[in-house]
Structure formats: structure tokens, C-alpha cells
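Several structures are given next for inspection.
Two complexes are shown next, each including subunit A; its partner changes from subunit B in the first to subunit C in the second.
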Partner chain A sequence: MASTTVYPGSEPARWKYLDRIRTRAGPFTDGDAYDGSMVAEAMENMTVLVIGAGGLGCEILKNLALSGFKNIHVIDMDTIDISNLNRQFLFRAEDVGKYKAEVAARFVEKRVRGVKITPHNKMIQDFDEDFYMQFQLVVCGLDSIEARRWINATLVNMVDEEVEDSYKPLIDGGTEGFKGQSRVIFPTVTSCIECQLDMHAPRAAVPLCTLASIPRQPEHCIEWAHVIAWDAEKPFPSLDKDDPEHITWLFKKALLRAQEFNIPGVTYALTQGVVKNIIPAIAATNSVIAASCCNEALKIASNCAPSLGYPNNNYMMYSGNDSIYTYTFKHEKKDDCPVCGNLARELQVDPAWTLGELVESFATRPEAQLKKPSIRAESKTLYMQSPVSLEEATRPNLDKTLVELGLSDGEEVGVTDPAFATVSFKFKLKFKKTE
Partner chain B sequence: MLKIWSMKKEQQKAENAEGAAGGKKKKVTAAQLRVQKDLSELSLGSTMRTEFPDPDNILSFILYVEPDEGMYRGAKFSFTFNITPNFPHEPPKVQCREKIYHPNIDLEGKVCLNILREDWKPVLNLNAVIVGLQFLFLEPNASDPLNKEAAEDLRTNREGFKRNVRVAMGGGSVKGVLFDRVLK
Partner chain C sequence: MTEIVMSQTPPILHGPSEKEKKYDRQLRLWAASGQAALESANLLLVNSGAGVVGVETFKNLILPGIGRFAIYDDALVEEADLGVNFFVDESCLGKPRSQCLTELLTELNPDVHGSWYPSEETAPSLDSLLATSPVFTAIIYTLPIAPERLAQLEAYGRQHKTPLFAIHSAGFYSYFRISLPGAFPIVDTHPDETATTDLRLLTPWPELVEFARDMTKDIDSLDAYEHGHLPYVVILLYYLERWKQTHEGRYPSTYKEKTEFRRIVQNAARADNPEGGEENFDEAAAAVLKTVVPPSLPSGLREVFDYTPSEPIEERSSFWIVANAIKAFHAKHKTLPLRGNVPDMKAKSSVYIQLQNIYKTKARQDAAEVLETAQSIAPGRQFDPAEVELFCKNAPFVKLINATKGVDSASSTCVNVLREVTAQELANDENAEITLSPLSLLPIYLALRATSHVASATADEILSSIEETIPGTKDHERIVSAAQEVARAEGGELHNIAALTGGMVAQEMIKIITKQYIPIDNTCIFDGIASRSQVLRL
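Right, the complex of A and B next:
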């Protein structure tokens, strides 16, 4: 049974069990086409990006390093807080205040020989497409929907159909208490994070009127202090959720209100939790979800088994609320997805055209055929057909040329038309070369 | 020969850099595109109009509402709309700019409208919010009060409430609170 073949990039004893999976054809590998001899080396040459070095991120970094990935980058802008130490196991008490990415990278490098982890103590938005081009795989362990949407849109926009290397699979893990999910996205090929936006249940909000008139729970009293009493009394110029003095003010207000309505249970810790919207993070959920994500990373990198994502199931949800339940399914791509259903198409324009001419041209272009188009660039509203006030404000633009309006070659514009209620268009302006 | 080769390389690099610069152009965000779509589909009717302090920033604007029937007829109210980059995952933030006497709008301008908070869904759009606001002036709702005194007033003495609304809209004071004049 013992395999004696030594493949490049593989230290036989250390990776014995991993090599059994990644170098041998098995029931899940792709028939005769599977060649396991190059996998270890290929994985050594891959560069993987991990976004987030928190609860999920620590697990993901450790798992990837132990799965045979050698080049890993990690981005996280946060510093370590004492409350992280119970589950973010790469951090110690003396690390409090230091950058998560930095400390996590050093810890894993020290424990897993031969792995190189490059930390970036920054926001993902600080990097451009050139930076993200260097990775073959992106694994996210994030807690913010905004950051997910950003990296998703970036990876989808980077796809160049003629460049194989521009497709970066995105593996996304998320947890909330006992629940979690992992999913795999092949940008432009499978349903993306924007398509799946409705899968994130927005935080359950309590009606304002309940807060104002009939609080029933301690949380209602705290929310009342937070959204109503604070604004009415403005004890400090702006609310700093990390300032104990501010939280204390809210706590005292909430307590008075709770006494008035005979509601027990308002504490300082609960106040902090409600105001900062803290959902208890559970280490076990993080490790289940991170394991699933890294399993997908290994499968994509090695082809040792079909991964989630294509062509069938791409979404695994996990719930540990009542025993353990998982369900894996295919989330369909949305045709009207503003990110992936809607890639910017190139549009040949003459920079000397007036905006009016461009707008007119949409009516006759076979690819558009829009009758009442409204058009905007990222930071400039060019022409809006409605509402009236915007139409009036932007009408003078119609007589200006594209250059006068500050548009440049390669700039993206969004075009909407009420006749196409569900669809909006994006065009990348391509300036005709003037003779 | 070597020199020509290296010059060619330099040239290619410059061209690539130009191409890459094109790639870094700011892109229309999903939230902006959605707001643009919502705005171009808006049906405001004659009782409402918008104002954009900065037309290039469509994520922030003012909505004027002039009810032509109901207890709030004859007045003009304004609301600020602030839309976050997380739209439509998050609802727009809407606040009344005047101090008014209304059971569902408090003295700070906070609005109790279910779709602005607990019942918001990404499939809803700006039109739904605007219709909701308009409805609040036609049918103030005493069972979901944000201004408890006003709600109590409406529940127990509808005619008295109507009179108080007129007084408040005229810039008078009701139960010791001075209101903004909103009558046209």
C-alpha cells in the first residue's frame, strides 16, 4: 500500500496522507485524464489570497498551510482585541493591539515549515486589479457584506474572456452564531455574491414604534436609548461605540427605561452587544466552515475531486442550532445581476460627440435600442430622464462634448431605461482614434 | 539590434501601463446603478418632487411632499434620503426635516414606516418608500405610534387631533411643543 514514488515538491513522510489524496487517481477524479504527478508542484507554485484574519481567517490560514499550499497572502486591516483571544487561536495576550494579518502570518509560518505568508495590514479596497491578478484562488473569511460585494465585483470585472488566468475562483465562508455557509464562485460562470445577496437575511430590526411605545425586551430598551434618546439629548457630539463613557450613558438610559416598563435584564455587556451588533461567534462553527472552504480550495487546486461551484451545487449552508444540519444546493445565476449579469460592454464613441448625440445613438444601436436612456458615470450624473429636478439639472450636459464632460477613454457608464424594468446596462466607452 | 529590442520592450510596457490605467477607472457601483434605475422609474405625481443638492451624487437627495387630501392637506413637508453603498441590501435612511405633529413621525424627524426598517427587502425600491411616506400623511396610524401623545390624541379625539394638526402646521404649539410652520 505504501507509495514509494516521490513527486517534485513533495516531502514524502510529511505529506504522506495528503499525497494519497492529491496524487492518486480515485473514484472522484476525472477518469484517465487525471495526472496526480504534477499536483504537489503546481500547488507549490500557486499563490492563494486569504481575506480576513479573524475567527474564520485564523482557521483558514492554518488549514491552507497544512493542506500543502506554500504561498499565501492575507489581508486584514484590524488589530487584535482582547475579546478575540478565545477563538482566534493564532493570537496571544501579548499580541493585543497588533495587526491581525501580521501576527497570524508569523504564527503559521513558525508552526508550518516551508510556508510563506505575506501579510497586508490594509483594506481590500487599497489594492487594485494588478494586485489581485497575482493570485490563483481567493478565500474569504469576512464578517461584512460590503467587503464581500466589493471583492466579488472586482473579481467579476477582472475576467477577460481571452485570458485564462483572469478567472479567479472565489471561496466564501461566513458564520453567524451556530449557522454558517460556504460557497464557491467562478466569476461570470456561476452565480456571484451579488446574485445571492438575498441569502443574507438583513439584521432583524425592531419596529421603531415598538421601541418608542411598547418595549417588551431588554434589547428594546437599549435600542431605544441608542436610536431615540441619543439623538434627542445628544450627550456627546457623535456616538463612538468603542468609548466606554458613551456605552455607559446608553446603558444608564436603557436601565431607566427598563425600570419604567418593569423589564429585567439590561446589563452593560448586553448594551455593548446590542449597540455594536455583536452576534456571539462560536469557534466550532468557524472551524466547520473554514474546513469546508479549505476542502474546496484543495479540490480546485488539485482536481482530486469535483469542487462545489460548477456545474451543479455551489452553496453549502450549515446549521448547528438543532443538532447538525447541512444542505447543499445550486444557487442560480441571475440574468439581471448588476455585477455579473451585466458586464460592461465596449462602446465605440467619438470623443467629439455631444452627450446628446451619444444619448440619441442608444436608440439606434442594435445592442441597446433604448428609447429613454438615463446615463451616469461613477462620479458624474450625465443625463437623467427623470425625476424632473435631475432632468433639469443635467439637461445642459446634452450640448457638451464627452471630453468637455470630463469623460475619458475606457471610462464606464451605467445606462438605465424604464422600458427595461429589470435590466440596466454598463458600457465601457472606447474613444475612436482621431486621424 | 539589442537596443531596438529593449526599446520595443519599453514601448510595450508603456502601452500596457496605459491599458492598466484604463482598467483602474472608477466603475459604476452596484448601488449607484440600482439607484439610477429606481430614479428613472420613479412616478412622483403632482404632489411630490425631488431636489438634488449635488446632481452628481444621486445617493443623497431631498423629497418634498405636498399632500392634496387628508388632514395634512395644504402643507409642504421635506425628507432627506441618504442611501448607503450597501443599498439595496440596506434600506435608505429617511428623515423628516421639519418638526411636525404626526403619530408616526417623532419630533426629531424619525419615521416609523415598516419598509424603512423591519420589513425592508432588497426587491423593494425607492418608489415603494415614497408611496409609503405619502400614505403616512393620508392615513396616520395610531396603533404604531412614534409620537405617543399624537397617537393618543388621534385615537381618543379625532376631531381634536385634526385641529391640533392644523395648529402645528401653522407653526403654533400643541401641548407645550412648538412646531415648524409647513403651511404653504
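Right, the complex of A and C next:
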């Protein structure tokens, strides 16, 4: 049965709706983990990190400020573009070109009295563990899987079993069109973003020979202009995907190619979409997913109701294309997760492959997705991307087959990638049986 | 062929306009047609209670550029609004809430026009607003609401055929319910691209047969390049023809036959090459189970065919006339008009384009036949050929929402439906552990519904109200918990749940205004504790 006493924080009249819920136990509140009298103060003393000040980030900042959090940091290195204005509601036309983190922080601070938001116009990789140590919660609204993997690996690495403060719950949201997902990760305790990597399989690349000689789709013509024609003609010193002049150049090239092969459908919008890998995004879906993330943040911070994450469901999938469908489930932690598991992940390989082929395959495998991998075997270094001297010294290995390099079935290799500086991914080579 | 090349007007070479740039990320979802529909929409929010969920809904509709909105709200801004609503600030205290909300919402998008009520000069009451305003495209009202006011809105909805959205958000719970004025058909449902492949391999038409035969007449003597670039459609047609010859004129139909057929196709690949196989034959084998299928009539379309519009005005709409024309087409040909798209497959460019044109030409012929039938059903009516073509293209995926007539929330039919659904849902819950299905969220709906007309209520009051509507429920454990959880909120909103629900309602509003994608039918319940939703027809 619900308790009746409300324990208000510093401004009872202002926060009365929130206080009724967060400071009073309900029928689903876990009594052992909950003390309503401590909640308001505890939340006022927490520092929360928001990563991303875009479509989700704007919503997240608003939602956290109206959930009783008082100290918030936000990291985003991007500046505001006109195409953000259909959903990033803290920005106006006159803000185009300014830093997102800065404008978003100032806006929410001005609107919601008493909240302090510290903007960082930087990359997450610019900060070290000491910086991340100051937060009690991390909420991500990102569009890049790479950034998610980086912060995930960093938070998992920071866990020190002796130090309670070193566990930073990670709440992550993502959207695409009418669909999205939100998930909660307790680093080292529950399934992490790396465990769930196969939920984000990379799109299959079109073979180069299709682009070069047998295009059939408008996308093939655009990729041809992007990958082949640009390099051959170098119309500008370097490709800036946000420069309309550059996109127009690619569009015209793609159009000529399409006309040559009678392929319909090349447009400016499609060209931009393919080259920039644009994902459709709307305010409504961001509103759903960001609020789901912040709802979990409130529950984790207050214990006033059970949150996603532990011990049961940790993942909510949302789809609005056909009616509304949510699927909330438990994604299991993987023992062979290269970031939070103890065991090496199995990797199917052909022993007749060259090391170069193996290195290339890391980029496209759903379970790896590493673009610049360096590889070490148990007893020797196989290939290093940097520094230059080591790269040169190990480059000849790329042409040797796995067998020639003395690798054996079941052998463990360690893989590092500059995108995930702190992590060494463990893989176990599993040789394909040849018939 | 000539006709097709001609119809391919070169796209304009200049870049996008400022508006196209601003709305780029959403135009990729609903295109210019959807955007135009949004921009001509005129929406009303009748706000109440803590007053957040409707405002969050509007935020998500103003950003993408609805035409106009109006907010009717009797409340003055008080301190508690500042802790839960983002579209009021310190300077608003004591002012009309509708005014402050409208002013701060309008800042979001200079393209959108907003107005607020009650207003002494123009519309001092809801009655006068409804009587004098240009017709609303849809009305959102939040709960709790006074019964008289609800009756006014329902009367307006009936009179003007206006969809009504009811939203209730309290604490961790919310639901919203859409009342549509009649059956709501959608043509542009945006099915998953992968689900749309329809190659008619078992009912090929002469042009396609001839094309495939011509490419495969000397299949064994084709050189490695030609053989390795036969499109999989051609490969499958060739081996289906051979199968028929050895199987008394029948195509593979059982699963066993199809796997056998797949093996034949796979084995026909040449392996005497450096790759040790052929990609196009791999594609052909992989496509067997999905594409070697007889034409069928999907359930959504069958429902459309079987439905009789209840009102003459519906019957005369172009949707139902074209639907009838397609029904006639199906009766005559035992198959639907062809969609006409060909998935990408390994092939030489020119061959693929030829194949694509064979499918497109057939699709155009089918659509032309449907157009002709439609014109014979309704002589003198002008039909937009593009609309007919879209209908033909999407025929397998059209969807009918709210197929029976809309009912008032107060009517006895509604209560009977609720009793039936409650019995069903509670019975399902008994087996939930065995069927591994999540527990019903109906208890949340029942508990919120019990506070539809009161600012707040105790758990006991909620339970006795539910008991009155649905006897025998007051001791049900999950209903008791839901009542307690609703009572805990005392009618207050949590910003997150309001924002989340406002996102869902905005998605549904966009679907209904643009007539694209598929809206819910008709109630969606959200549980912010378990973080999941359920859609029920109530």
C-alpha cells in the first residue's frame, strides 16, 4: 500500500507533482532499497552527464531538468545546422552555426530555475576517466555507434569492485524514423553495448565491381560518384559532406552516370542521403525515446519504482510504423563480450586467408565492426596500424596466410582500434573446416 | 521502352529550398504530400489538469510544421506548472496558461500560427470557440475533463467528422484513445521494402516469359561472364519451366518440393571458376522460398473487399470506388495488380533495366485497367491516375482502421466492449506464464478511466468506480495495484511520462493527418514502471 507522507525538497510548491511520486512508496516500490525522505536531497546532489545535444539530447536536457536533477553536464562537439530545427527544439534559426551544447545548456538553464548545466563543446574522447568519475549517471542520445561503444568501454573499464562510486549506470537511446530503442546498462553487471553489438549490424556495402561496371540502382551511381569519380577528378581539395557545392558536384556526376545507364531516380536529396548516410528523424520519436531514458534515470536515482536494467528487462524496442509496438526484454550479458566478458569471442576464419583479409574483415563483421584494427597473437605482434615504424615493420605480414603466420585453430588474438583506445578486444580464431 | 525513357524527366539541378533543408529529415519519411497535409491542418487542444501531455504533443507537431493550432485552457499558471511544464516560465505566474503555452510554443516554428482561449474578445467559452473557429482537423483533449465539456467535443466530432484524441497521463501511467468518425482506410502504409517483393514467377505474363526464354535459350553455352550475370528472376523462371516439364505441368508447391527445387538451382551454378560458385545463382537459391509462391489475397485487403461502407458519403469516396475496381480486377484475373518493383540483383546494367521496365510496364497496364473499371463504376468522375497507381502498387498493404462505427465513450456499447475485453485480458493473464506473454496493461486503463472526471481519487474510490462499471474486479490484485499507483499521483503528471505519451500521440496524429503509415486502433496504454505499451480496441 502506498505511503502518504510527502518529503518535499527545496521548493515544495513547484515540485509537488514530482515529489508525490518520487518521495512516496507505491505498490511497486522495492521497500528495502528506498527511503523517500532522502530522495529529493540525493537527487539535488547528483551530477548527471548527457552525451549528445541533438534530437535526443535537447529532449533529455529538458526532461532531466524537470525530473529534479540540478547538476547536469552535456558534451557535444557539433554546431547547429538548419536541418536540426525540425526537432531540436532548443535551437532557433538565428542559432545556426553555434555550438549545440552551449545553446542547449543556456536555454534550459534560463527556462528551468535552479538547474545548472555545464556545456562541453568537445568530443567524448577528449576527456579522461577522472572526468567521467564525477558523474552518478550517464544518459546518451547519440547517432553514432562508435561513440556509444567508446563510452561503454570506458565506463566498463572504470569499474573497480572495491569502489562503489565507480559503477556508473549508462542509459542509451536511439531513433530512426518512427522507431527507436532505449536501454539501461549497469557496467560489468548487465549486458553492455558491446554485448548487444549485433543489434546494430552494419549495412552491407555494394561491391566495388558493381559500382565500377554494372550499376543498377540510383544509389550505385551516387556511390560511384562518391567513391570513384571524386578521387579521380578531385574537384575540391577534400570532400566536405556539409558543403552544398560538393554535394551538387556529386549529384551531377551521379546523374550523368545514371543517364548513361538509363537508371531512374537520382535526386539531390537521395545523393545527400547516401553520401551523408542520413537517418530520418522526427521530434515525436525523439520525444518518446528521450523520455523513456529519463524516466529510467528518475527511477534509478530515486528507487521510487523499479527501473529497467536489473535484474530483468533492460531493453525497450519501440516501433510506430504499424500501430504502436513495444518489445521490452532482457538482453543477456555475453561471457565472450570483448569489453565486459571474461572469454574471448569466437571468430570464424578461413586459415587460407591472408592477414590482410582478416584485418579487412573486422570492419564488416557484425560482431566486431572495427575499422582500423591492430592485431597481436599470444606470442607476437601480427600487425600494427601505428606508429609508422611498427606499421612498416609489420606490413609484410599482411600478405601472409594465417597458416604461414603460424596461427592455429582456437588461438586467441588481441585486437585494438584507435576508436576504442582503452580496450583490447579478445577473439578466438575458429578455423573453417575445408571440405 | 521509348515511353519510359521519355517519362524520366531529369530532376531539377538546383539544390533544396530553405524549407526543404529545414524539413529534410522528415520529408524522407512522409514526402512533400505528407508535409502539405500537415501544413493545412488546424488542431485544437482542450487542456486540463496538470496540463503537460497535450502541450508535449503539440511541441512535436509544431516542430514539423502543422498549419495552425489553438489551445483552450481555463487555468492560470501557478507555481506547480513551472516544475512540470517546459513551456511556461517565471514571468507566466498568474497569467492565463493557454496564453503562455501558446506564446512559448509558437517560438518553436515561425511557420506555425497559434491562438489561445478563452479570450474575452473572440471566444469567451469553448462553445463559442467551436462555433466560430474554422473547422478543426482534429481535436485533442486531456483528462480529467468535465462531462458536459466532453459531450460538447463529441457532438462537434460527430457533426464535423473530426477525429478526437483523448489523453490521460498521471504519474507513471498514461493512455490515449483515438475516436475516428468512421472507417479509416490507408493506402500509403509504407510496408517494409523487403516485404514488397512480388515477382509473379508462377504466373509470368508473355513479355516476361519471352525475355527469360531469350536469355536462357543457350544457357549451357553462355560464357562465364554472361552466365554469372543472368538475373536471378531469369534463372528461376528457366528452372521452373524445366521443373514443370518433368512434373506433369505443375510447379513446386510443397515445402519439400521447394527445397528440392532450391537444390537444383544451387547445383546449376558453375563451380569451375576462381570463386568456386556464382553469386547470381546463390541469390536465386536464396530467393526460392520467398518468391516461388502463388498469388494470394492478404488479410488487410480482404477486409477492405468485404467491407460495406455504412454511409453513402463514404461509398462515393474515391478510395472505395478504386477498391471496388481492384476487387473486380482480382475477381477477373485471380491476382492483384502488379506492384512492379524489382529488387536489386546481380545482373548487367542494361539487362536489369530491361527487366525493371518489363515489370513497370505490366504494372502500368494493370493500373490503367483498374482506372478504366473505376471510371465505369462512377461515370463522369475524374480520378487522379497517380492516386490509382499508388493504390494498385500498395494494394496488398492497404489497411482499414476502425472498421465498425465509432462509439461515444459514454454509450452502453462502449461499456459492454470494455467488459468483454476485461474478461478476455484477465483470462489471458492466467496463462501468461505458459504463453510467455507480457501481462495485460488493461488494469492501468481501468484505473485511469475511473478518474476521467475528477481531479484525483483514493485507491478505494478508484476501485469502487471500476467495480461499478465491471462487477467482480475490485479484489483483483493487479487492478488494486494499478489503482494504488494512480492514487499515488493524485492527478499529477510526471514530465517524462507526459513527454513520452506526447511523442506517441504526435506520431499517431501525423499518421492520421498525412494518411501515411498505420495508426493504432484505437487505445494505447503505457506503463512507465515496466516500460512497455499495449494497444487495445476499446
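Note that the second predicted complex is superposed on the first by the 300 of 435 C-alpha atoms of A that agree within 3 Å, B and C clash if a C-alpha of one lies under 4 Å from a C-alpha of the other, contacts with A are read in each partner's own complex, and residues count from 1 in each chain.
The rule is simple: a contact is a pair of C-beta atoms (placed from the backbone, for glycine too) under 8 Å apart; a residue touches a chain by one contact, two chains touch by 3 or more.
Given the structure is predicted, the values throughout are model-derived calculations rather than measurements.
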Exercise for the section: May I ask you to decide whether A:249 touches subunit B, subunit C, both, or neither, giving the answer as first, second, both or neither? Expected result: neither
Handout entry: Which of subunit B and subunit C A:383 touches, first, second, both or neither
Key = neither
Practice task
Applying the touch criterion given at the start, work out whether A:287 contacts subunit B, subunit C, both or neither, answering first, second, both or neither.
Solution key: second
Practice task
Pick one for A:416: touches subunit B only (first), subunit C only (second), both, or neither.
Solution key: first
Handout entry: Broader residue contact with subunit A after superposition on the shared chain, subunit B or subunit C
Key = C
Exercise for the section: Go through the superposed model and pick first if A:205 touches only subunit B, second if only subunit C, both, or neither. Expected result: first
Exercise for the section: Applying the touch criterion given at the start, work out whether A:362 contacts subunit B, subunit C, both or neither, answering first, second, both or neither. Expected result: neither
Practice task
Using the superposition on chain A described above, determine whether A:186 touches subunit B (first), subunit C (second), both, or neither.
Solution key: neither
Completion exercise
Counting only contacts in the complex, subunit A reaches subunit C at residues 1-2, 11, 13-18, 20-21, 24, 26-28, 59, 62-63, 66-67, 82-83, 85-87, 89, 92-93, 110-113, 177-178, 182, 210, 214-217, 244, 247-248, 251-252, 255, 259, 261-264, 266-269, 272-273, 278-292, 294-296, 298-299, 305-306, 308, 313, 316, 320-328
Practice task
Would you mind writing out the residues of subunit B in touch with subunit A in their complex?
Solution key: 20-30, 32-34, 36-37, 39-42, 44, 49-52, 55-58, 85-86, 88-90, 104, 106-108, 110-112, 114, 117-118, 120-123, 144-148, 151
Exercise for the section: Would you tell me which residues of subunit C are touching subunit A in their complex? Expected result: 5, 8, 10-11, 13, 15-16, 18, 20-29, 50, 56, 59-61, 63-65, 78-80, 82-86, 89-90, 107-110, 171-172, 189-190, 229, 344-350, 352-353, 438, 459, 480-481, 484-485, 487-490, 492-500, 502-504, 506-508, 510, 517-521, 524, 528-533, 535
Practice task
Using the touch rule from the top, collect the residues of subunit A that touch subunit B in their complex.
Solution key: 128-130, 145-146, 149, 153, 157, 194, 197-198, 200, 202, 204-209, 212-213, 227-228, 231-232, 338-339, 342, 344, 372, 374, 376-381, 384-390, 393-394, 408-414, 416-418, 421, 424, 426
